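To keep things simple, chains are lettered A, B and C as they appear, and every chain counts its residues starting from 1.
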Amino acid sequence: MSDTPYPFLRNCWYTAGWDYEVIDGKKLARTFLEKPVVIFRGESGQYVALDDRCCHRGAPLSLGRIEGDCLRCMYHGMKYDAAGICIEIPGQDMISAQHRVHSYPIEERGHLLWIWMGDPELADPGLIHDFSYLSDPEWAGLTQQAYLHYDANWLLIVDNLADFSHLAFVHTDTLGGSEDYAFSTEQEVERLEDGFQFVRWDKGSPPPPYHVRACPDAPDKVDRRNEVKMLVPGIFFMETSFAPVGWDPDSGDLEGVRQYKNCQYMTPETRRTTHFFWEYLRNYKQDDPNVSLSLRDGMMAGFMEDKILIEEQQKYLELDEPFQPRGLVADKALSHFRKVWNKKVAEENEKYPREQVEIRNPIL
Amino acid sequence: MSDTPYPFLRNCWYTAGWDYEVIDGKKLARTFLEKPVVIFRGESGQYVALDDRCCHRGAPLSLGRIEGDCLRCMYHGMKYDAAGICIEIPGQDMISAQHRVHSYPIEERGHLLWIWMGDPELADPGLIHDFSYLSDPEWAGLTQQAYLHYDANWLLIVDNLADFSHLAFVHTDTLGGSEDYAFSTEQEVERLEDGFQFVRWDKGSPPPPYHVRACPDAPDKVDRRNEVKMLVPGIFFMETSFAPVGWDPDSGDLEGVRQYKNCQYMTPETRRTTHFFWEYLRNYKQDDPNVSLSLRDGMMAGFMEDKILIEEQQKYLELDEPFQPRGLVADKALSHFRKVWNKKVAEENEKYPREQVEIRNPIL
Amino acid sequence: MSDTPYPFLRNCWYTAGWDYEVIDGKKLARTFLEKPVVIFRGESGQYVALDDRCCHRGAPLSLGRIEGDCLRCMYHGMKYDAAGICIEIPGQDMISAQHRVHSYPIEERGHLLWIWMGDPELADPGLIHDFSYLSDPEWAGLTQQAYLHYDANWLLIVDNLADFSHLAFVHTDTLGGSEDYAFSTEQEVERLEDGFQFVRWDKGSPPPPYHVRACPDAPDKVDRRNEVKMLVPGIFFMETSFAPVGWDPDSGDLEGVRQYKNCQYMTPETRRTTHFFWEYLRNYKQDDPNVSLSLRDGMMAGFMEDKILIEEQQKYLELDEPFQPRGLVADKALSHFRKVWNKKVAEENEKYPREQVEIRNPIL
């Protein structure tokens, strides 16, 4: 895939990490859209994201040393400020304007770090898709916000989340439950300009295993309602209710209803690998650590089922052998998302052509 | 090598596995000629071989579920029959004729599974090179029929088997014996339309170590007769006799003669990897498990000597450095086999041109 | 990088190994400039270096058997003399002039083996950059002469050694000492036709940790003098003195002066990997094995700091992303060396064009 045109949207906010990844002076080396970045928190509390390659000879700044809100390369001692400008070169007085690295806009929202990989001039923090429940004390999360690394293109994960019929087969013993779920198609996909949304009901069915483990007192039959939204560039929100059979969500009656708020974020690391961040929130028994543990383990079991399958799928799609995918009716959401995505990438590449590089590593 | 023209013959039978690999509802995911295939035994007893990539999005069917003689993809639940036709899509009534995967003809002969990777119309079971001794109770085999995976092109293994002088140097302490064996060239290679055959004698020499271990009562000197046949696409049969010195094989006198029947099969997995199946049969002490064990260990020791050498050879031939091979007189058999092979591949590629694929993985 | 023009100088002496690597009949398989070579010591004591690929089918001669000063391929028994000429083919009388492999000139100097990868006619042993201290009993070395394998292009190691300011940051706790070292630029680089040299002083500073560990009686402040020379194709010599503050090296007074002689050799294995040989000699307490151990561990700790950083740098420079290095004043030595190197490679490629190879591995 490395010979395909650059397949990423640059001018949007991507999730970059959880705030706990840069506590205690840690420097986080992480690659986004095939660019290596170092993220740290300066001594003033400011988050800083810089190109991880020192402008001198490409040494990793993530092996460097934080000094105030600056980062010193520990190869020859060049010191960069938070804007990426070199402000000291040991043994040299003159510093040119070219002695600098790119500084990426970075913001924190609800413990989640967001990075802007495109033109910093365009980085409007108002465009961040904040999931406000992440900082809402009414909603309790897992024991630690979660991360998985995928050996797969991020769009395969979007595909996965775009069709919930897979819960019936992939997640029978974890997130899904009965296989009947795949045959009930009471779901209307709404196409959005920057994604899609749908509500999927499963009425009068046994609740799925993960929920029963967290709530042993759950009734035998429930109405399950998933309200799903997926947005460019890989942002997934879901509100889930397990309610008494016959429940009317518009009634405002939450007697006997258990609710969850789930966010999942897919940030491309490379064309074939993805960072996957997620949190799973509840508004009941917020102080019971065993419920947090149970939900974490239950969700993780389900996500690992996806990961195994999707990583195999990635390998199979990369084979040097013909493959012609055949569409299903259930592909409506994923097809729309890919159409939206391809259009946005094409528009951006036309409007902001990418720097052409003849010699990539002139000192090798 | 991935940029060389497609180097495989498609319209012939290849060995695909041993029947024990698909007992108890196992699904065998195995790649042949760079195509991933899933093999299983349906509940009726029928063997089934399908493309392992679901026609929807390429998910592995080998992670699916056997239902009767059908296989259900456990991603979104599409169900395929033994012919590869999709007969159920959960939540969707219409199924198009394109909702199918390729079904490969597969046959069992003497516990060995044979697959036809080309046009199913041409798959005549009469063309299978059955080694009937595999199902002959007179001939006892190893404790389990054997398999090795090679990180090498299959033709390097054919080369190896085409010149028995290597027994003297590679297998001195296992299958070979004295180095004199390489200097005696009493061997007449007969060129066949689809391979070659030869008889190689080694007269009045000590028997090789593996035979002595299996038959501690073997005499100090024997006449060793190997009758060898190699056929396209990588099928090797050998009959070995250890006889009293001066033995006339045409006499019909088997007094004091120990005999073995050996088959070896090389099936290309990819351009640089090979499936290698083999069995080693004897018509003496058929019920003694220790003789089976001794022969298995003795042969395996020898085959590992080949494998180490051939895999190193593969690495050296793949180097980005010039290499011009220099022929030997002993290359007669291997040269003929490569000529036969290249001619057949060229003929097939002309007669049945391979599908040209512009976009290989349109959803990545 | 594999598509860049051939980036090696062939007609010069490279370090190939230490003599202890081929004692007791060992055969050393090692790749230089992307060519696999086997090195051994014949029974007469002669060092022999041959192409490691048998001319027949490319099998590794390093799996062969030493017979006198000859090497026998243990695949089909071809026997090569020290000149690479095949002198026996089992079962075949005629041997053609093409049945041979390349024999590389090889010399030993002070336990170090030197190989000439270019035209043997040009291999003048007088061109070897012998470091005579390696065989001088006045100078004691480590417990064993050292080797490291680098996953990096050799020029990145030259870069590292060309600017000593890195000692301050990379080696603070091992070879360096105070970070002030980087800010003192009392160093005059002298450009040579085949490399560069400089003397770098660090006056009135605490001695570096490795020296204090080896010499616990070292004074608190010393004058440190490094006299450095780097020569094509990657040969580094350094003389280090730790002297009483105010010492005049021209006085000849060595009272209270501790001295070291260090050699480091970088031989390209491939475009992205390097053999790195080194020794560290002292002229005091030559018989104390604990001083040898202390210096070995101290130097190795420092060299591992370089290795970690340089291997990460290699990965970052190989990325498929634009990178434009920005020069520093301190790059004077490394810039000159690369200019010298590129000029020599270009001259050689023009004078001795490299064999063009259309089909690289005709039997795969």
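Everything that follows uses one rule, which is that a contact is a pair of C-beta atoms (placed from the backbone, for glycine too) under 8 Å apart; a residue touches a chain by one contact, two chains touch by 3 or more.
Everything numeric in this text was worked out from a predicted model, so none of it was measured.
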Quick check on the contact graph: shortest path length from chain B to chain C, in steps? 1
Is the contact between copies chain A and chain C built from the same residues on both sides or from different ones, judged by whether over half of the numbers are shared? different
Roughly how far is chain A from chain C, centre to centre by C-alpha average, rounded to an integer in Å? 46
Of all residues in chain A, the ones touching two or more other chains: none
Mind listing the chain A positions that touch chain C in their complex? 2, 34-36, 52-53, 55-60, 63, 72-78, 89-92, 94, 96, 98-99, 355, 357, 360-364
Residue set of chain B touching chain C in the complex reads 1, 153, 155-156, 159, 163, 165-166, 168-170, 179, 182-185, 271, 308-309, 312-314, 316-330, 338
